[in-house]
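For clarity, chains are labelled A, B, C, D, E and F in written order, and residue numbers in each chain start from 1.
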């Protein structure tokens, strides 16, 4: 399996912060008042919608931080397709801890599974073609690592994680530099040898200029399927081609049919709908 | 204006964290390589969709942290309705700082404006009735204060901010306590005098029991408009009534017509679509 | 038991910070130089004064963070009344860890037990009446959650935990709003349905105005027992009544005899004397 | 002036944390609802008790973080003796920011002024003698630097700031080492040349042994004034002498009359009463 | 200028932490006791060795955090070559703040200038050839961004900033994967399109295999100059070539003469000697 | 053993920060793609140079945070002398965790062992004399506690840990105070009784003045061995003598022969070469 793991010490600060955010200064006053300390319970995370699970480890950590003795049995790990009624995991332990951590666990799980599910839907839509679905930097502040992980879980590929791990020359950079050629040249002399360069182009003539200077990837912004096809033909094997610009599920197949290598989709991370997963209490 | 302000020291840690998340260890390597230190530019945050602006101060702080000399002129402050092409604010200053902070600023602004816009749509849909739209604890981890603020900006009301500032007795609490009456009684003896108690009920007979004991608010979960109407009649002035359970924009008017005081909507914070606002560079 | 628990992840950051504060950059240089690594010891937390124990879990966490193998046997958990010589808990393990964490553990335990003991004394003083003792926001910066917990352990009730979980309209708010009525009205339109409103009044005519508009609770500030009695009679069941203003142990019974629901006491958290508990080493 | 200053970046994290603790997730909902954004006000920090001011800079920082445009005019800086009615500082600026930060500012100021005032009272009580008043490590977790500063402001001297900046060999260390002599010897070979060694002794024969080995200071624990006098005579100029053990204001003069160099007083930091200082609003 | 800037909010947490580390709980007790509050002074950062300046902004921030009114006039910004006696910058302001921040400022400046100077020496040594000098991940924990910046200031290029921004397949990865070919294939299917792949090879036959599969860069580990020359010839334009393995200043020219694109040097960041720069006080 | 231990909660934040610094937002993408989740491996930390081990616990914590099931068997704990080929510890567990944490573990271990080894070399060089080797505040920002620990492991003694735990009056303080005598007097009245005073002197006449007032230690700055000898004779038993000023390994014996108590060496912490220790994978 090639999906990168999430190191526990990367997740833990986020889960702790989310629990503190929910518990505030006084904790779960409802549960503390009603539920006896010694009461144990068995619950299950259950899907209420079709989709792909992502973030289960994050959710389980929320429960374990709620009470160190809570145990989980995973039925459908990250990447599993689920249908309404499918149990994702059984959660057993002190009722207080489970009730207190429930919302935080679900907030992570539903959010990340929503992203994975949206990604999987896009991946399915272009399965007949070579194009991979990729995300952007249009993420929810504070959650980029988790959201990019959910995109991978859904079968997508990751774009840049930030401004520092690859070069993406946009139209404003080109304007400042006075052209695509000087922009690429300035960048090339400044960056390390393991940094790739991608250039955003709006027209085929800009594409021609970029290819002449030499780049690793080209972002074809807001082009029609026909122009994308022409662009792919022009590029050949000289660069990776990426289509971009408000690409919806219905439009995706036509875009993919152009032969581009990648389709980047901002809404996967900024506007995907949460997947409905609930916690069923079995008494 | 009754919308609570956002104290700068509440926002600042979130904006700093988001900038660090985007800049990583090496910063904006594209901009640093291409854009000269001394170059100034004028840009504008421009709406590309109909909606309600929220989070402008957060976005402006991102720019100012990117470069302390960046200046902003606000055209449409939080709460303003915007249409495609409307300028929200002009941002002037060093091109480096503006380009570097652009994505973080937009990620906050589009996310929060999306929530405010979704809230405003719901508020509009029930305007003929007394019901107010309110949010839930189904928020994105780390952003609860900002998201709840965006709900207020959109004309909505806030529900609990966390587990500690009000009591909400849910079905699992009732099951553990052995009934609605003992659950309420246990809570009442444990909480402070400024904490309100709300109880979730699924049936009218549960509602009757809760009213008999006395509560501040009642959450009527997944009831039909007819049952809601009956519930409202039963309650009279004895408690605040809140309808809840997968309430969509089309279903909202019928729910509101039941006469409930509040309609709580989870998707406002967990699944609202980002509002498309971009940064236009004027050269 | 209605005393809210303290979630470990709420306590842990405070205990770690206190240990770092005490250990500085070089650690416990006395103990490190003198005490061999392998030496075990048995000690006991012993009360040296009459009072009520609070914060034992916090103290035990300090020991466990000092050395993960330290074990504790609790004899008198939080809420227990103790007399001089009573063992609160036995602490066994590596002498180095115990000696290093001793002061931090005691600083928490004595401080919180002092608050619980002071609260219990006030609670005892008004036992003949309906009034409950409650705390204020006059807390020691950084320790509010712990201090409010100690008040609960001592038998008291909690007031607001902060500026955000309930409304308390004070004289300055009234002055700005131009009267009690407009102040309450402005607040009512701004807050969520689970937020209660309390108003501070200095006179019976102010009280009359507040009751006419309708509020959840009324803070009767610096009134004589006679005025308090009149106020209680005026209020009837329409609101919770709270007496406030430099209320000492000797004055408490007379205040309580007025029939108020609550007596709020700032000095419980800002000026209670630490309870003397020591660590006895048994060799 | 020999009172060490408090570097702003030492104070700032504490003040920010205290404001966040009080404002929670929703901020000052009362003030936000009632007080218009543009309203300015003039207020004054006014003493309501006799005492010594300490922590004014901390309080002023709380106001400035509440609103960057708040201005202060200091009338009685740290170290000033005040009487009821004395203005400590005038605070002018936006009413919202002042009301929001008021409690946090006062919590710091009253707490630290209480410590300074208690210290000053002890200093006054022993003024006829050479003894200086010093504090201990029995401080409130998280506030040690501020509390030790307040002791200096009150005219006291500081003892160790933590376990790492000086050696204090206590009875348990002596027991583990098998005597005072081996304890001192072990320490001496382990510590740096700028670290002083103090030994706690309960009897004059222990004192004799410590002096024979050579130490910098000796803590005379729970000795009668007579024994203290004998101890001081025995020590001569060979070490600094410190009296310790539940020393109250009435007992202080007799202790000081013994000729000891220092009297250490735990209650200054763990049990001093807050000094009553309020914020008067002038309309 | 292609040297990436250091965003202030990236530096600030490091400088604050360093100041807190040096000031501890009591601050600069020597300076506070001796230097009057109002005293101003003029000082200069002066080089005492030949080298290249790096980290001046970091040092100046330390002074400014020490006292906000300290002003600096920069004579030799980052990247300047200096000789003994050369003034790097004049620092003017309150003597207290300058003395208190002096050591932290110098610790950053001397450390980073040492790295820049070592890099510049290596760059000079290979100037006759095409090879660029680059750093590794063998950095001092916590300072990677700053150290990599210093390498750029010295004329070097940056390698990976961490494990996440490029792939470097090492011998252990090859062993686990069962060969270079499967290792590259596994990676290729897992990573994003803007991530480059480098493979470490020890022999020319390994190199042949890597080139056959196709990679972006090849790390030629511990090869003799002759083997490096052969490797460079084999590679041609198919990949970037990097020589690695205990490359010292004397050995660098021979390595560079092999025609490799890059020479990576671990000791630049883990063992470079600090550049001697002092603060001269002018009275 | 008199070497102070390193409390785990002192180390842990540094190790976590270093892992986060290396793993960035995406983690170890090479290892995640190539190494199967279930694969275990046995590795060994092996010295490749003569030296002294320091920081092994820090390195082991890095591995354990990488994967909680990694186990270590220590062969040569901190303080051990090692030669090329000596195994320091065996590390067994999941290959993913070991490979991911390897560089961070080695960065700490090699850096700290380098300092311990340099210290040990200096200690060996002066073994014939009474002088102890001590470090300074010229440390790498963020690592002072660890570096000072490494100096102790190498047989050295620690100087001040910061500006707050001892007084060191330097030439600039003397200049401001108007002489050595007023400088010492100002300090003496301001500091606590457990704080020692050291004065830096450049000449024997300054030394005479300092001794006349009385100080705990004297820093003899940049003196020739002859002057040091004279200084030591002048001082007698009245103070601790410390030689300082660019003291290299070859110059150390002559300095030590002067009879000084301490030789402080800045380069131990700011310029020591990392000790080469590698991780050998055994398949």
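Rule of thumb we're sticking to: contacts are C-beta pairs under 8 Å (C-beta built on N, C-alpha and C of every residue); 3 or more make two chains touch, one makes a residue touch a chain.
Computed from a predicted model, the values in this text were never measured in an experiment.
The chains in contact with chain A and with chain D alike are B, C, E, F. Touching chain E and chain F at once are the following chains: A, B, C, D. Distance between Cα centroids is largest for the pairing of chain F with B. More inter-chain C-beta contacts link the pair A-E than the other of C-E and A-E.
Distance between chain centres (mean CA atoms), chain C to chain D: 22 Å.
A straight line joining the Cα centres of chain B and chain F is 52 Å long. Our note on geometry: chain B versus chain C, Cα centroid distance of 33 Å, whole angstroms. Chain B and chain D have centres, each the mean of its CA atoms, that are 44 Å apart.
Contacts with at least two other chains are made by residues 2-4, 21, 23-29, 32-33, 100, 144, 158, 161-162, 164-165, 168, 186, 189-191, 195 of chain C. A complete topology is adopted by the chain contact network, contact being made between every pair of chains.
By the touch rule above, chain A contacts chain F in their complex via residues 1-10, 144-145, 148, 158, 161-162, 165.
Residues 21, 24-25 of chain F touch chain B in their complex.
The touching residues of chain E, counted against chain F in their complex, run 14-15, 17-18, 21-36, 39, 95, 99-100, 103-104, 106-108, 110-111, 114, 137-144, 161-165, 167-170, 172-173, 175-177, 183, 186-187, 189-191, 195, 267, 270-274, 281, 283. Looking at the complex, you find that chain F touches chain D at residues 2-4, 132, 134, 157-161, 164-166, 168, 186, 189-196, 198, 216-217, 240, 242, 261-262.
Listed in rising order, the residues of chain C touching chain F in the complex are 16, 19-20, 23-29, 32-33, 37, 65-66, 68, 96, 100.
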